[in-house]
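Can you keep this structure in mind? I'll have questions shortly.
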Amino acid sequence: MSENTASKAAAAIDRAKAEGRAALIGYLPAGYPDVQASIDAGIALARNGADLIEIGIPYSDPVMDGPVIQAATTEAIANGFRVASVFDVVAGITAVTDAAVLVMTYWNPVMRMGVDEFSRRLAEAGGAGLITPDLIPDEAAEWIEASDKYGLDRVFLVAPSSTPERLEMTVKASRGFVYAVSIMGITGTRQAVSGSAEKLVADTHAAGAERVCVGLGVSTPEHVREIAAYADGVIVGSALVAAVRDGGVDAVGKLTKDLSAGLRREPAQA
Amino acid sequence: MSENTASKAAAAIDRAKAEGRAALIGYLPAGYPDVQASIDAGIALARNGADLIEIGIPYSDPVMDGPVIQAATTEAIANGFRVASVFDVVAGITAVTDAAVLVMTYWNPVMRMGVDEFSRRLAEAGGAGLITPDLIPDEAAEWIEASDKYGLDRVFLVAPSSTPERLEMTVKASRGFVYAVSIMGITGTRQAVSGSAEKLVADTHAAGAERVCVGLGVSTPEHVREIAAYADGVIVGSALVAAVRDGGVDAVGKLTKDLSAGLRREPAQA
Amino acid sequence: MDAPTSKPEQNAADAFLQGGASLRNASGPYFGSYGGRWMPESLIAALDEVQDTFEKAKADPEFIAQLNDLNKNYSGRPSLLTEAKRFSQHAGGARIFLKREDLNHTGSHKINNVLGQALLAKRMGKTRVIAETGAGQHGVASATAAALLGLECVVYMGAEDCRRQALNVARMQLLGATVVPVTNGSQTLKDAINDALRDWVTNVENTHYLLGTAAGAHPFPAMVRFFHEVIGEEARAQILEQTGKLPDAVCACIGGGSNAIGLFHAFLDDSSVKIYGFEAGGDGVETGRHAAAITLGRPGVLHGARSYLMQDEDGQTVESHSISAGLDYPSVGPEHSYLADIGRVSCTPTSPISAASATNPSRTPKRWTRSGSCAALKASCPPSSLPTPWPAPSRWASALPKARQTPRRSRSS
Amino acid sequence: MDAPTSKPEQNAADAFLQGGASLRNASGPYFGSYGGRWMPESLIAALDEVQDTFEKAKADPEFIAQLNDLNKNYSGRPSLLTEAKRFSQHAGGARIFLKREDLNHTGSHKINNVLGQALLAKRMGKTRVIAETGAGQHGVASATAAALLGLECVVYMGAEDCRRQALNVARMQLLGATVVPVTNGSQTLKDAINDALRDWVTNVENTHYLLGTAAGAHPFPAMVRFFHEVIGEEARAQILEQTGKLPDAVCACIGGGSNAIGLFHAFLDDSSVKIYGFEAGGDGVETGRHAAAITLGRPGVLHGARSYLMQDEDGQTVESHSISAGLDYPSVGPEHSYLADIGRVSCTPTSPISAASATNPSRTPKRWTRSGSCAALKASCPPSSLPTPWPAPSRWASALPKARQTPRRSRSS
């Protein structure tokens, strides 16, 4: 893992670590239900305990997303969302909060704008970097070049199915943190956190990652508490999107507060 | 052609011939629109100039019939017509008129009742015999036996496509008269009488037939006049059925009168 | 279906075969007391022309070569004989093979007959063919052969069938055929044949009636069988190659009976091979809504042949019902009636419920969707009685053994 | 369609072939700058397993024998190459031959790939296969192979496609498959693939994703092509046998491009043979409602591969439209993008109006109804430009020649 001291994501996680807790990372789609509302929701996230914010770009073919996020991003696109607006959302949040703001995006919209141009504009907007669910380091030469050039974080994913070789390769290619998917599957709220997550975090640490955050299916303060015991950060998505959908900015703030209550490390259970 | 002096059909045609004219043969379906109405229509036929009456048995698959007769016989069946009622129709007409009454039927209903039983009952009802549009002499052994037994006429058909051998064979198997179809086709009114009819009648006479009547598509007094010039009888079907349909018994009587006006032989046209 | 109450010691077919005689190549016009030409005189000359042309063509090596070439390079023959191994497992181990007529060009066995007859139409100098169709398979095959050989094509199809087989209507039209929806009667196959016959009698000069099944007036039953015999010939060679022996049984669905007679023919003289025909049981034979002509009909004449026929007491045709449009026909080819009477072929009506409950109490629905693709059900219907008495026609001598006189079947529909 | 304004003296493909190199057997993951694995990490292990199993199987004579046996005795291969003589007459004399993949069991070329992949699924110990389907042909083929080999089968199908291809839904269900109607997005093939990928990532442990076209992440494009190469190999041998020479041109319709790549592959190195691909023109390319990814798309990534893609200025996929459900896909297999870029394959969009008016002023509608059954239209589209520059990935070395750097295509959709 490139240890670029300029990594905003790493800095945010380290701040939480210094407070003796895991970092909270909240996901929200840009432009849902509209651009301003998504900025407001992001600010509410940051003000209520999120250390990092993941802003998703609504995309026509979100193969890693479950029904909640699909519905939200489909609605955003139907409401006229344009990809370039994501920079407004990032800028709008970073302007008033300290949270590190990453963009999570499927790869084609970045490719379409041009990887260099996208990176430059993201950096200008104050963004920390990109989380790339359908880009593996094997295909990422251009992105690695651009992210180095603009000092952006590169958050690649690791999965329970990743081999030791791939873990190591992915850890090396990442900067900021490594995203460990808790389960084989897609986004969406689940009853319980998969048992495979803890092992994956340990393996990823063993492969050299300093910061490993866990996401996919994390939705309750109990999940957060469980994961915070072994991971450097906890990523919540669908549950927050559902909160926007059902209660708007206030609901996001409230849920974030509830979730962040679970962050403080408790003694490992026997 | 068997010259059985008991042939009612032959006798009727000969009576017309003695009057210096061709015979008029009118077709009506039994049971259309109901049994009594078909008896009344038959009587009207006879009283207005028909020498022979052809009573058709409504049948589910009338492949030699055009739309007018199909519609009438379909309606008769829908109204509950039963095959055995044809004997009532024959008896009802023969009881009050001198006309020779033949039954025209597809073969399966006769087969179903039993050829012998059908023949016996037809003879008992005063019927003259059968016209059999889908029975050729080749398949008629049982019918030939039964008709001989009960003294019934056997009216087979000849067509413009019949070979000389088949004309001769059919003429031999027939009794009463031979039915020459004027045209290759099915029943129904047509604008003009086919030119092939006159040649067919001549060929059939040459093959030994004493009486040859022409049917299929004959519908106007002009047609009758034209055919009466060379044939021993003229057969009208669909036009009479349409008259029943549109005007009932009165219309049948009026049309029959009109048609019979054309029967008297006029000098052949140059 | 009633269970057989007793099994006759030996049926007529066994006695006949054991005398060293053959049930194959029956030339018509009669098959026992069935068959013949119960047709308007207007069409007799045309039937004679077809018969004559067919017989000359059969003996003409050039015609046979042309037909074989089309079968091989146009239809894709030989069709596969595929073993259905998983079905065998399911059925308790009996090895089951499917003769894949569905893999022929146009998707059914119908093409075999159609190519043969279309070539004959060309030989007769006809410029137009007409056809009836039920499922649309025969219509599609006819439209295809007509397009191949440059013939005009008109297909009569019951309006009800046009609706339930709309895709095949579109295929025929795409192939350049005119499809005429028939609104008479039951609006199905029988009525389409009626209208085709009306067309034929009117246009016989330039038109051949490309009848789609082994029924109708002589020479159609024997001729259509001839063009389909390749099914059984291939199947017999293939099963010998794949298993080293003859099958215990062969079976096929019977609408008019063309795929069935084509398959059965090769095995008729193999007395060890049981032969089963499955008729369409429709909503169940007990409902009266079915197309089981052999099982429940009685002899009569329709469309030119004497054969088993679904008819009422007046001799009116009873409308048939089948979940498969292609089997929706109230009569059957005359050779099948004969073979059933002498006990060579066992006929059973099959419907979603009755077929399943006869063989399998779990009532899994079974449907006929493909020619020749049917289970060798073990249950057979009550042994068929022998032929009803019938005057031996003088004109043609029957090529088949005279039937013993026996009491008329007691069943009637 | 604009007429070509000038013809380049020599395109990259000609130069390449004349250097004695081969365009055949490209192994992936890249075809020029196309292909790759633009996929979630969760699926990489599964893709590696498929690749590994495929490569071992390819080298295993037993696997090849098993595949050949199924092709011959289950699918009915070789499929015919039928000369369309009447079409030739109509088209001014050019001899036109149709490769009859429609005669395979299940009715399309799809079975070739499905049998291969289903055998691989068994080798990997998977007990369940999933598939996407558009027209339903691939779904029917998948359901069939699953039934043959005893695998559970779930087919994802756009709800819109379920409606317009209801018959194939019934066939899949009859074969024991579960059909899941997909109500996302355009409710067609692309969305069915999305849902299949979501299923795969969730159930990858016991499930193989039986992708139905030569697209997707490595190794699918090369693997699917391998299973379809038999089309071209047969066709090449058959045309040599029937005409004594190579054809002037070969052509095929391109949805994802599996039938096309299977046919083209055998002819790629025959530089005298022109190759045409026809994309679905939908309502006409000028309406924007089409599926002409190569002709009008621009490179992007969808479903795991970089390839031509119908996308808007934001990189959102544009919904495709085709009168043929099977061609309704907004991208195309990566090898086709490469072959178009180097000028080896000429791609043209075809729609009822534009195809007809391009060749025949009478505007007779032309429709794709069968794989490989298409006219060798003489008109070709403007010469394709050469590949766009792309970073050469370090992990895999491309098996294909590096493309010269040229200006990016000016068209975009």
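Chains: A, B, C and D, in written order; residue numbering restarts at 1 for each.
One rule holds for everything that comes next: contacts are C-beta pairs under 8 Å (C-beta built on N, C-alpha and C of every residue); 3 or more make two chains touch, one makes a residue touch a chain.
As the structure is a prediction and not an experimental result, all values here were calculated from the model.
A.B. asks: Within the chain touch network, how many edges lie on the shortest path between subunit A and subunit B?
C.D. replies: The least step count works out to 3.
A.B. asks: Approximately how many whole Å separate the CA-defined centres of subunit A and subunit D?
C.D. replies: Measuring from centre to centre gives 36 Å for this pair.
A.B. asks: If you average the Cα atoms of subunit B and of subunit D to get two centres, how far apart are those centres in Å?
C.D. replies: Here subunit B and subunit D have centroids separated by 68 Å.
A.B. asks: Per the centroid of Cα atoms for each chain, what is the distance between subunit C and subunit D, given in Å?
C.D. replies: 41
A.B. asks: Could you pull out the residues of subunit B that touch at least 2 other chains?
C.D. replies: If we look for residues of subunit B contacting two or more partner chains, we find none.
A.B. asks: If you connect every pair of chains that touch, what shape comes out? Choose line, ring, star, complete or other.
C.D. replies: Chain contacts: open path, no cycle.
A.B. asks: Name the touching chain pairs, please: which are they?
C.D. replies: Every pair of chains in contact is listed here: A-D, B-C, C-D.
A.B. asks: Subunit C touches which residues of subunit B in the complex?
C.D. replies: Residue list for subunit B touching subunit C: 59-64, 66, 70, 74, 77, 82-84, 107-113, 133-136, 138-139, 141-142, 145, 156-163, 166, 170, 181, 184-186.
A.B. asks: Where on subunit C is subunit B touching in the complex?
C.D. replies: Touching subunit B from subunit C are residues 36-46, 48, 184-185, 190-191, 194, 197-198, 201-205, 299-304, 309, 311, 313-317, 391-396.
A.B. asks: Once bound in the complex, which stretches of subunit D touch subunit C?
C.D. replies: For this pair, the touching residues of subunit D are 73-74, 76, 79-80, 82, 86, 100, 103-105, 107, 147-148, 150, 167, 174, 367, 369.
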